[in-house]
């Protein structure tokens, strides 16, 4: 298993980790399989979305903050209940097929680490699985 | 890796691709494993949900459109920010266990390609992974 | 493939199944890989979230019930459309990396079976995949 270390800078932030994942995939000599990217945190997530226009990232972050408001009579004492809820909605991992030795991301797809309670030091775990 | 081609017909639409996935699984002679279904698009998603009463599909589509309204002061220029957000909420892939050579879908489960910005020509990628 | 049987007790409820999954992982002698946990139900889901303060679980359940209200002019006749929608939002499976023979859950992470239309007898399927 490979690990990616990162440092987020804002409360809510999407960090593009596509090139780090690509490097890990290239190190392994696997022709067909899947690449599994996982966050070991309960106030973060992984998503795949547009890598071209940065306004998409901003719109997703803003809308998630609207759907799950930071203050909403939560009972969790640490004040970050909204971050936990967004983690469950977006999901703690993503899997991308590997074919002909490369990630099969679509033209406009990038892999994002989603910070919902930053800034913090964070990790993502990457496991490469071979197809038969 | 196998590819499924499809043509969606509406702005928002759930297309049942269970039989196409079943055919791909049957071609491979794998007893135990998982089947990973992935969309290489940023305004589409994959979900697993009820295959019996079509009203469920309609209710999911309508409620997602309510939770993420098509117009909501987004900044993304192409006018389809809501589709990107729904893609992140629903997720760009699904994995289903294979056991005794077959998908272990529950009695009422079907696999759906979720179109959030159609109509378009679309693809789904299918990767079969063997368990030990 | 392994199966976990459980009995939920409330309409909406998150049941911690981490120790059952850990037992399955320990039975197999796999050093590196992923563990895939799947629900064969259309009104349930799997999520990974905080295992320490039970108020987090409560906040997630309450907020999901607010985002997807139980009554909202749905058309599905069985009266559980909201449960189907929450299943699609949270997702029918989760995958966790296995490294050095163990699940790589973060310190505060537990694996939850999410019941959205209980109480019922339910199942979760567990498939272990070896990394190369």
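Labels A, B and C are assigned to the chains in the order they are written; within every chain, residues are numbered from 1.
The criterion applied here is as follows: contacts are C-beta pairs under 8 Å (C-beta built on N, C-alpha and C of every residue); 3 or more make two chains touch, one makes a residue touch a chain.
Remember, it's a predicted structure, so these values are computed and weren't measured experimentally.
Engineer: Chain C and chain B are one sequence twice: same or different residues at the contact, by the over-half rule?
Structural biologist: different
Engineer: Expressed in ° and rounded to a multiple of 5, what is the rotation angle of the C-alpha superposition of chain A on chain B?
Structural biologist: 120
Engineer: Using mean CA coordinates as chain centres, what's the chain B-chain C distance in Å?
Structural biologist: Taking the mean C-alpha position of each chain, the two centres sit 19 Å apart.
Engineer: Counting only residues that touch at least two other chains, what does the list for chain B look like?
Structural biologist: 33, 67, 89, 91, 95, 129-130
Engineer: In their shared complex, at which residues does chain C touch chain A?
Structural biologist: Contact set of chain C toward chain A: 32-34, 47-50, 53, 55-56, 58-60, 62-64, 66-67, 89-91, 94-99, 104-109, 129-132.
Engineer: Along chain C, where are the residues that touch chain B in the complex?
Structural biologist: Touch residues, chain C against chain B: 1, 28, 30, 33, 36, 38-42, 67-68, 72, 74-78, 81-82, 84-85, 87-89, 91-93, 95, 125, 127-130.
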